[in-house]
Each structure stands twice: as C-alpha cells, then as structure tokens.
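Common to both upcoming complexes is subunit A, partnered first by subunit B, then by subunit C.
Presenting the complex of A and B:
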C-alpha cells in the first residue's frame, strides 16, 4: 500500500508558559487513507504526548476537531492527509488553531465567546400557540416544503470553522457571527415559531448588515450549511418587518429600484439612496474624479432593451421565494 | 466547596433531558458537567432514528413496540420498564417536536417513520440520517432557553457516597487542570457507553470510555449485564465508523462475494432487517466461511448495496451516509456498494438502576447508555437508544427533583478530593515501562478475541487472564505531559484506566453465562437456556478489589419467553 513521508508543522502555544506561539516539526510515515486526526493521534502516541488537540466522534458530526490545515479550516477527522498533500502539491502540512478565538493550548481554542454570543441571540424555538398543539396527544404539522426552508441550517455542528474565517467577526465586535445568525434565520422560518420574521430584528441588532458576503463561511463549512445564505434571507425578512430605514436596507432597495427603473445599476444615485445627502458628500471626491475621467454615467438612465422581460423575471423570482 | 442541589454528569440526550426536567422546577440549583462541550456528546452520532408507536405510516401500538423490544432483547429486558418506555414514547417524541426538533415529514405534515431492524412496523421517527444530531441540538437550545448551568470540559474522577446516600463527585476542570469536590444532594450519571473497550474497531467516539460506569464500580456499587455488547452490523471497513441501520431500513441489501443477499439463510422473513445481533453474526459467518471480500490491506468485509435506491432517495434520506462513505472509504454509494463489517457499538449493560434511574445509593441516578435499567436486555433494537435516553433522562430528572426537596446536603470530606489528587499525581510519577497506546491496542485485541461476536470458554478465560495482566501493567503507564492546562495526555490515560476496569466486568459474567442470548453468543453453548440463565448478572468490586458476581431475576409481565425467529 502507498505510504508517504510527511512533515507536519504544528503550531504550539501554551499561553501560561510560552511568550509567543512557535512551530514544531514532526515527521510521520502516512499510509493512504489516514486522516489528519489519525496523524495527530499517532504523533501524540509515538512522538510527543504533550501535543494538545480536541477530538471526539471522529465521524464529522460532533464539531470538536476543526483546525487549520495549510491555512484552511477543516475537520481533522474527515480530512485525508493525501488529499491535502495532492491539493497543495507538497509533502508538508501546516496545522494551526482556528482564528478569531484565543488559544488555550496548541490547537485548542477558547469557544466561550462565540457560544455566549449565540446564546445572546436566543436560538431556540418559542412555540406559536396557533401551530404547536397544547397537549402531547398531537404533533404540529410541518410540511416538507416548510421544512426545506430551514432544514439545511439544522446541519450546523458548531465547529466554529465559519466563525474563525469570518471577516466581519474579525472587524466588528458587535457582529453576531455566521453560524449564530444562520441559526436566527433557522427559527425565523420555522412555522412552529411564535416570533417568526420578527427574529430578523435580532439579526439587525447584531449587525447582520455588516456581513460583506465574502462567502468564506460557506466555503469552509464542513456540513455545507452556507450561513451567508441564511444571513441574506434574514436581511430580506428584516425589510419585510419594516426595518427599512437603515443604510443596509436602503442599499438593497436602491439596487432593486434601479433594476425596476432601467435594468442597470444606477451608481450615481446609489450613494444618495443608501446614505442620503451625507452619502453623496462622502462620495463626492471619487464622483468628481469619475466625471472628469468620463467614467460616470448620467443620473437618468435609459431602460435596457429587454427591460420588460427582466421585470417579469424579477417578479417570478420573488413569488418563488 | 461548590455545591448544587442536582449535579448531572454528561450532556448527551439523557443528561440534557434530565437537565430540562429539573429546570422546570424554579429555585433549584442544577449544573450539567461534561467532559466535552454540549452538542459534542455521542448522542449526536446516532443517525437513523427514534422509535415510537405514532402509527403515522402503519397502524401501531405501544404494546406492539413493547413486544418487539422484549423479543429483540432475547427476553432479558425487564418488561415493566419496557412497557413504561414504549407507553411514554409517542408523548416524548411529540414533546421534542413541540420544542422544534426538525423531524422529516410526510406529505401531510406529520412525522415520517421508517422501518428498522426487529420492528413489526415502520416505527422509527427520523430526521434524514442526522436524528441524534438534531435531537441533541434541540435539547441544548431548550436548556439555554431555561438557563441551565453548564460546566464544560470537566472530567469525572469519582462518585462520593456514605453507603446510603450520595454526597457528590470529584472532578477535574480540564482547562485549569484543578481537581475539585462538588457537593450535591443528587447526582445523575449520564456518561454514555463503554464500547471503546474495543478500541481498534468501534463506532464509538474516542471518549466513550465508561467514565461514570467505572467510577460507580470503584465506588463499590453494582453493574448489571455487562457481558452484553452490541456489534453493529455495518461499520465502515477501515474505521468502524457507523453506517446507520436506516440504510437497510430504506431498503439497502447486504451482499457477499457470491453476489447473494445472504440474509436469506439467517432470517428469511426479515432479511436485512433482522435484529443487529443476528445480522452481525451472519456477516461474520459469511466472512469465516470464505464468502466475504478481502482488500489489499487484509481487511475483510461484505457489501452494503444502496444503488438500487436511486440517487434521489439517497440524497434525501441518507445524505450524511453518502458523505461518510465518500470521505472515509472513497466510495460513492450512488455508484458503488459500501464495504462494511460489524463494529463494537453499544453497551447494553451498565450501572444497575431501576426504572426511575435509581441506584442502590439514594440520590445517585443513572440514565442513558451508562445505565442498565434494563430495557434492552441482551440485544438493543435500533431506534430504541434515542428513546431510552430521553425517557429515562426525563424520569431520573423528575425523581431527583422530588428527592432533593426532602433532604439536606451531606458532609463531603476533603479527603475524597485528596485521594483523587493522589491517584492523578501518581500517574505522573509512574516509571513509563508501558506505553498507553500499545496497551490500549492490546486490550482491544484481547477483548475482540475473547469477548467479541463469537465467544467460547477457553478464549474467554485467556482473555480474563490477559485483561488482569494488562491491569497490572497499566500501573507503569506514565503521563509525560507535566502541564496542568488541558492535559490530554492525562485525560487519555484516565480514560484508558476506566476501560481496563470495565473490561474485566465484561469478561467475568460472560464466562459464567453458559448460554447464548442476544449479543452474547457462545459457540460452546449455542442455545438459550431460560431455566438457568433468564436472569441479570450483577458485578461488584469488593473492598479487596476482587470482582464478585451474583444474579438478579428478570421482571416478566405478559410476554413469556419464546423462540426468537425473524
């Protein structure tokens, strides 16, 4: 059977003892099929018992073992060493703790903050007495198409991979976080929930408009949850419940209006519609430069050729949603 | 000293349901202590579903559910407890549904149910193939809602009692490495199973090391029916990772190297949906008789074929299984059959507890897989474990609430903490002549050899001797990591020592049970012997450290033992 000599560079850090993190190298003969977690355990068993990492179910459902493998968050238990080597064309794997959280020791990070944050956002069902029966003699009815709206988001295993790679989390202390916001959405569209779309106000309070849609949360999710989809839909719900008078909602509405009017994005009117006169003033220097260079279009735009068809498509799309 | 009215150890389904139950009573101080963060517990790995006679797909009743369970148990289950569980099942499923659990649904919006092994009707409620996962998440959400206090990443070291009543536990905060006494009027152990004894081939999480069960044994209290270990028929070839019974429930075939659906020889009526003990033995027999497959690494296996179910059904009902097969075996079940072999899966035996989870020591409860009530007897039916944990978690929680309102705290001697500190400290000072990983692997091999799917006296006696030898040698295992912070070297060593303690309690009654019943199959006594062995085995450790074996009658209400045919 195929075997390879692999160099593991593992970031070590014990904040109680070390001034700063350092990398330690381990060489291991890896057979085909071995996972990163099995490699870690083998290093611990045969070379260095002090190496600290978390692991539990080893079948990609408990969310304990997420670490960075060559820079990307992965569940160590379901990541095969050979696959990563081939992907990067290397014989070296660098293993590091997840970002956006403090390191407790080596690959073990402090989860308290992201989970506390989730708790603050009330991710639990508040039963709607209209839907959830009062006695235990009956079930609530949930139709498969209703379940489909939130089912994907119940796959989250709280591994914090998305949180660790979230740019908004990195920059905004008040930001709810990707898996946390996706859970808010999960309950907002559960027909059994009493708060329903009102939950989007929680998303609003936790800066959901600060998501920059970089899509990293979706890329790194080992369960294919795509928190960003939930966040986008939660934003939509917030507009539905009337949270319209804010830059985020106005920005979205400006896009929508533009498309309805002409089928093109009206970039000249966008700052005005999103941020009002203040937005225009903020963007004025750039705007003037663009006009001088001939890059700015007129504020009045002619509809595109197939504009009517576009409007029809938009209407159908909204009905489907 | 920290104290709580009720301390729950373990945050899986049983622990969380107990916590929910206690949180409904205001004014009680309750905490859940767990060695992992909540939602990491092994309940989450249960895939296929949870049984309840809802009758949503076919007419059904709690009585039929009880009968199937008793028959599946090879008549060793206590029938009063089984009846209670099956009676409560529909209500508790609806209770969780009302909490938001995202069950898969029928077109009319009711909870969907699928067929499972050993059941007369489609009785297993499910959420695709992630039922345990969403159950755990839902219970955790409700615990957060009710403000339950969690002690995350704490490790249980010992249970403290005065012979009559429990006074608390000693546990280690893994993050600081400090050892604490925790005083409690009631302690509910919900620490899970111990199939990690079979370290090299098991579906269990790395931490299913029977910590609660071993602590109870060391505290001089009885364990019950420990010889019964369930081997799940379909573990992935290389890793033993679970492939849900739901795969067969949805219509999957088991195929040998002759291309036959070989189950026709063992259970002509139920075929692939015979109970797990029978299917596991069938697979092993096929392999022993040369009708299995063999890969280049020497792994032997049969195939679980799902291809005829079609892409749509696989993606909709078994999405996780597909992904596990791709990630761990490089096989896409839509295109190819999955290589499988039995894997150590479930502990039918455990802490001797009555149907409210009460142990012989007042205030000490056990619920879930660590407990032996017993509702599974000699063989558990698929879908009955997720039911067991919520039913008996709830009942233990309820009873503990009543108990603590009538009693005061007991004194808790500091010496109890000292003793555990000394036990832990001595591990750093061992001579290191033995290596943890080697010994753990040896224990696993010995147990598979002597107390695996097929058993016989000679092998079991060899195994017992070997386990005792490993127990001696384990004294030389040294903890090399000298740091206190998150010392996983220390944790893994403590877990291994728990497994060693437990291994002996499996082999001893297995030798004395001279019959075949459920998962305990003896080639030298291939028949069930109701006259002599329709009884529970009890193992206790005496003050001299020696194990003592005794027997206890089985509770029979209306289901008289009969031959088990499928």
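Presenting the complex of A and C:
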C-alpha cells in the first residue's frame, strides 16, 4: 500500500502553562486512506500523550472532531490525509483549532459561546395547537413538499465548522452566526411551529442582514448544509412580516423595483432607495469621483429587450406558492 | 473561434464601464466572439432570493433560456452574476420538480429552461481556450517585474459544489494567468477573504474594514497592484479605497485592476481602450 512521510505541524496551547500558542512538529508514516483523526490518535499513542484533541463517533455524525486542516475547518474523522496533501501539493499538514472560539487546550475549543448564542435564539419547536394534536394518538403530519423547505437544515450536527469560518461572526459580536440563523429559519418554515415567520424577527435582532454572503459556511459544511441559503430566506420572511424600513430590506426592494422598471439595476438611485438622503450624503464623495471618471449612467434607464417577459415572469413567480 | 453569450452584468454596464471596455478589447484581441443578448436582465445579485426564491430562479432561468435559444454558453465578468446564474442552473438541473415549477412560470412568457448551456467566468474561458502556454504566446508586452496580488474574493470559488471550476481552498487560476502574463503572483493570505460588498448597506463599517484588511495584506505582501475577477470587489477595493483604509487606520494607494485590464496590458492593448483612466486609484502604466 502507498505510504508517505508526512510532517504534521500542530498548534499547541495550554492556557494554564503557555503564554501563547506555538507549533509543534511530528513526523508520521501515513498509509493511503488514513484519516486526520487516525493520524492524530497515532501521534498521541506513539509520540506525545499530552496532545489534546476531541473525537467521539468517528463516523462524521457527532461533530466533535472539527479542526482546521491547512486553514480550513474539517471533520478530522472524515478527512483523508492524502487528499489534503494533494490539494495543496505538499507533504505538510497544519492542524489548528477552530476560529472564533477560545481554545481550551491544543485542538479543543470552547463551544459555550456559539451554543449559548443558539439558545438565545430559541431554535426549538413551539407547537402550534391548531396543527399539533394534544395526544400522541394522532400523528402530526409534515408533507414532503413542506419538509423540502427545511430538510437540509435538519442535517446540521453542530460541529461549528461554519461558525469558525464565518466572516460576520469574526467582526460583529451581535451577529447570530450561520448555523444558529439557519436553525431559526428551519423552525420558521416548519408547519408544526406556532411562531413561524415571526421568528425572522429574532434573526433581525441578531444582525442577520450583516451576513456578507461569502458562502464560506456553505463551502465548509461537512453535511452539505448551506446556512447562507437559510439566512437569505429568513431575510425574506422578515420583509413578509413587515420589517421593511431598514437598509437591508430597502436594498432588496430597490433591486426588485429596478428589474420591474427596466430590467437592469439602477445604480444611481440605489443609495437613495436603500438609505434615503443619508445614503446619498454618505456616498457623495465617492459618487462625485465616479461621475468625474465617467462611471455613472443616467438615472432614467432604457428597458432591456423583451422586458415584458421579465415582468410577466416576476409577477407570476410572486403569485405561486 | 470560440463564441459565447456575453452576460456583462449591471456593474460592467454601469459604474464599472472600464470592465466592459477591457473585456471587449481583450476578447477581440484574442478572437473570442462575445454576443451580448439584449434580453439579458440583471441577475438580482442574490437579493431576489430574499424576496422569494421562485422570483430569483425564474428571472435567472429566463436569462439562461435566452442563451439556450442561441445555443451559446454564457460567459460573465461578474463573480456574483456567475454564482447566481450557476446556482439557478445547479438547482434546476438537479431537481426535476423544481424545474417543472419554474418552467410553468416561464411558459407564461413563452420561454423554457432546458439546461443545455453552461455558465462560465471570463477568466475560466481564457484558461480553457488558451491554457497558460497559449496565453503566454499571445503576450506582446510581458509584465516583467510586476508583483500582482491575486484577489479571488468569494463568488468564483465558493461554494465549490456549485461553481466547481477549481478547488475553493487552493485555487490557482489567477496565479496561472498572472504568470502567463509575465508578472509574479504574490502569495496573499487574504486572497480568498470577503471584501464585504454585499453587506455594504446594512453594515458599511464592517464592509469597509474587510476591504481595508485585504488592501493592507496586499501592501504587506509587496504587491504593486491587485487584480480581481469581480467588479463588486473592485468597487470596494478601488472606488472605496480611501474610506476602507481609514477604517483600518491606514492611508496609501494600491492600484486595483480588473483582470481583463491586466491581461489587456500584457496583450499590448492601449490603456485608454482598457478604461484604465476610469479607475479611481490611478494606475501608472
């Protein structure tokens, strides 16, 4: 069987003893197919019993072994060493604890903050008495069509990979977080839930409009969940329940209006439509620079060819369930 | 000669005119035929999904349907347009029920989505059509000595499951093009980080901070300029540069070139034709 000599650079940190984190190197002969978790266990068994990492099910279902492999969050138990080496054309794997959380020791992070945040957002079913029967004698049915709306979000295993990579989480303490907001959406469209779309107000309170749509959460999820999609849809629900007078919602409506008017985005009117006079004033210096460089179009835009098919399609799409 | 349905997107048709100009000039020089379909609408930049997913999908299935009528793959120069169109295609190609529903909407306008054409980014096409060696042969003014920061941003690489052109964790397309042009790609720690453009309205300071950090990384890496395949990243990095740098307590000038502008310079196209005079941060070339 094919084997390779691999250098593992592992970030170590024991807050009780170390002033700051440092990297320790271990060499290991890795056979094809060996996972990062198996490699970690072998290093611990044969070279350094003090190395700390977390793992439990070894089957990509408990979510406890997520670590950063060459900079990207992965489940150690699901990730093969060779695949990662090939991707980066290297014989070195750098293993680090997840980001956006405190390190307890070495590769183990403190989950308290993201999980407490999730609890604050109440992502659990509040049964709708008109839908959920009072006794267990009757079933509470969810039809496939209904399930499709939130099915993917039930696959989340709380490994915090998305939270670790989230751009908004890194910069905004008030931000709800990707898996947490996606979970709020999951219950907002559950037909058994009593709060339903009203839950989007929780998303609003937890800065859901600050998601930058970097799509890192969708890219790193080991269960193929796309939290960003849930966040986008939760924003839509907030507009539906009347949270319309904010820059996020007004920006959405500005696009919608532009498409109905001409089919193309009216960039010139965007600051006004999104943030009112404040938007215009805030962006005036850069706006003037752009006008001077010949970058601004006329505020009155000519419609695209066959614009009527666009208007028709948009109107019909708005009406369908 | 390769022929594509050209989807410039609103930015290249508006505030990033220079991207339109440079793309057309480069395509002409390389013999790539770009046919701009007059029926193409704005893709909605992902925000239509925030009104209703059906609207987002129907609008973009409509766009793709017009390209299908012409039998041409779509090529775009905007990363967000790319992701929005690709996502529509991905969802409709992998879910028969959804496709049927969207086609019922399109049929009201006499259109149909069939899934017969692909959606590509312009810089992917450069590599697919010519390869690194082929591009090198076309270069008449090698950008020798230039250190270029390859700024990918988000929507040409993530999510890989939808975009799929290259690894989202270690993409190399920009590095390959930069090398083919005779310049040197610097290794940027933040080449895959977000510029914050899509949160500019609700969270301007966060957006500017992200852009500022990216510019700072380019400066630290010793780059002479930064190049990006996305006009939205470009808007934040170039037009909003001084505001972004203020947010991270810095002040310097870092030229930011649309990728076709950089390619155009190496192909010997005159700067005016590449719209370089429209960049907010001056490009001295």
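In this text, the second predicted complex is superposed on the first by the 314 of 321 C-alpha atoms of A that agree within 3 Å, B and C clash if a C-alpha of one lies under 4 Å from a C-alpha of the other, contacts with A are read in each partner's own complex, and residues count from 1 in each chain.
Here is the rule we use: contacts are C-beta pairs under 8 Å (C-beta built on N, C-alpha and C of every residue); 3 or more make two chains touch, one makes a residue touch a chain.
Since the model is a prediction, treat every value here as computed from it, not as a measurement.
After superposition onto subunit A, the partners subunit B and subunit C occupy separate space and fit alongside each other.
In the superposition on chain A, contact of A:259 is made with subunit C only, not with subunit B. Across the overlaid pair of complexes, the angle with its corner at the CA centre of subunit A and arms to subunit B and subunit C is 140°, in steps of 10.
In the superposed model, A:193 lies in contact with subunit B only, and not with subunit C.
In the overlay built on the shared chain, the residue A:277 is in contact with neither subunit B nor subunit C. Nowhere in the superposition do the C-alpha atoms of subunit B and subunit C come closer than 11 Å.
In the superposition on the C-alpha atoms of chain A, no part of subunit A is touched by subunit B in one complex and by subunit C in the other.
Subunit B contributes residues 36-37, 39-42, 44-45, 54, 90-92, 94-95, 97-100, 102-111, 127-128, 130, 133-134, 137-138, 141-142, 144-145, 175, 203, 205-207, 238-239, 241-242, 296-297, 320, 323-324, 327-328, 330, 435-437, 479-481, 483, 485-489 to its touches with subunit A in the complex. Considering their complex, residues 1, 14, 16-17, 33, 35, 44-46, 49-50, 52-53, 55-64, 78, 80, 104-105, 108, 111, 115, 119, 122-125, 127, 132-133, 136-144, 147, 150-151, 154-158, 187, 190, 192-193 of subunit A touch subunit B. Contacts from subunit A toward subunit C in the complex involve residues 70-72, 87-88, 167-168, 171-172, 207, 209-216, 218-219, 224, 226, 229, 232-233, 235-236, 239, 246-248, 250-253, 255-256, 258-259, 263-265, 267-268, 274-275, 279, 282, 286, 289-290, 293-297, 304-310, 312-314, 316-318, 320.
Contact residues on subunit C toward subunit A in their complex (touch as defined above): 10-11, 13-18, 38-42, 44-55, 57-59, 62, 83, 101, 104-106, 108-111, 154-155, 158-161, 167-170, 193-194, 196-199, 201-204, 206-207, 209-210, 239-240, 243, 277-280.
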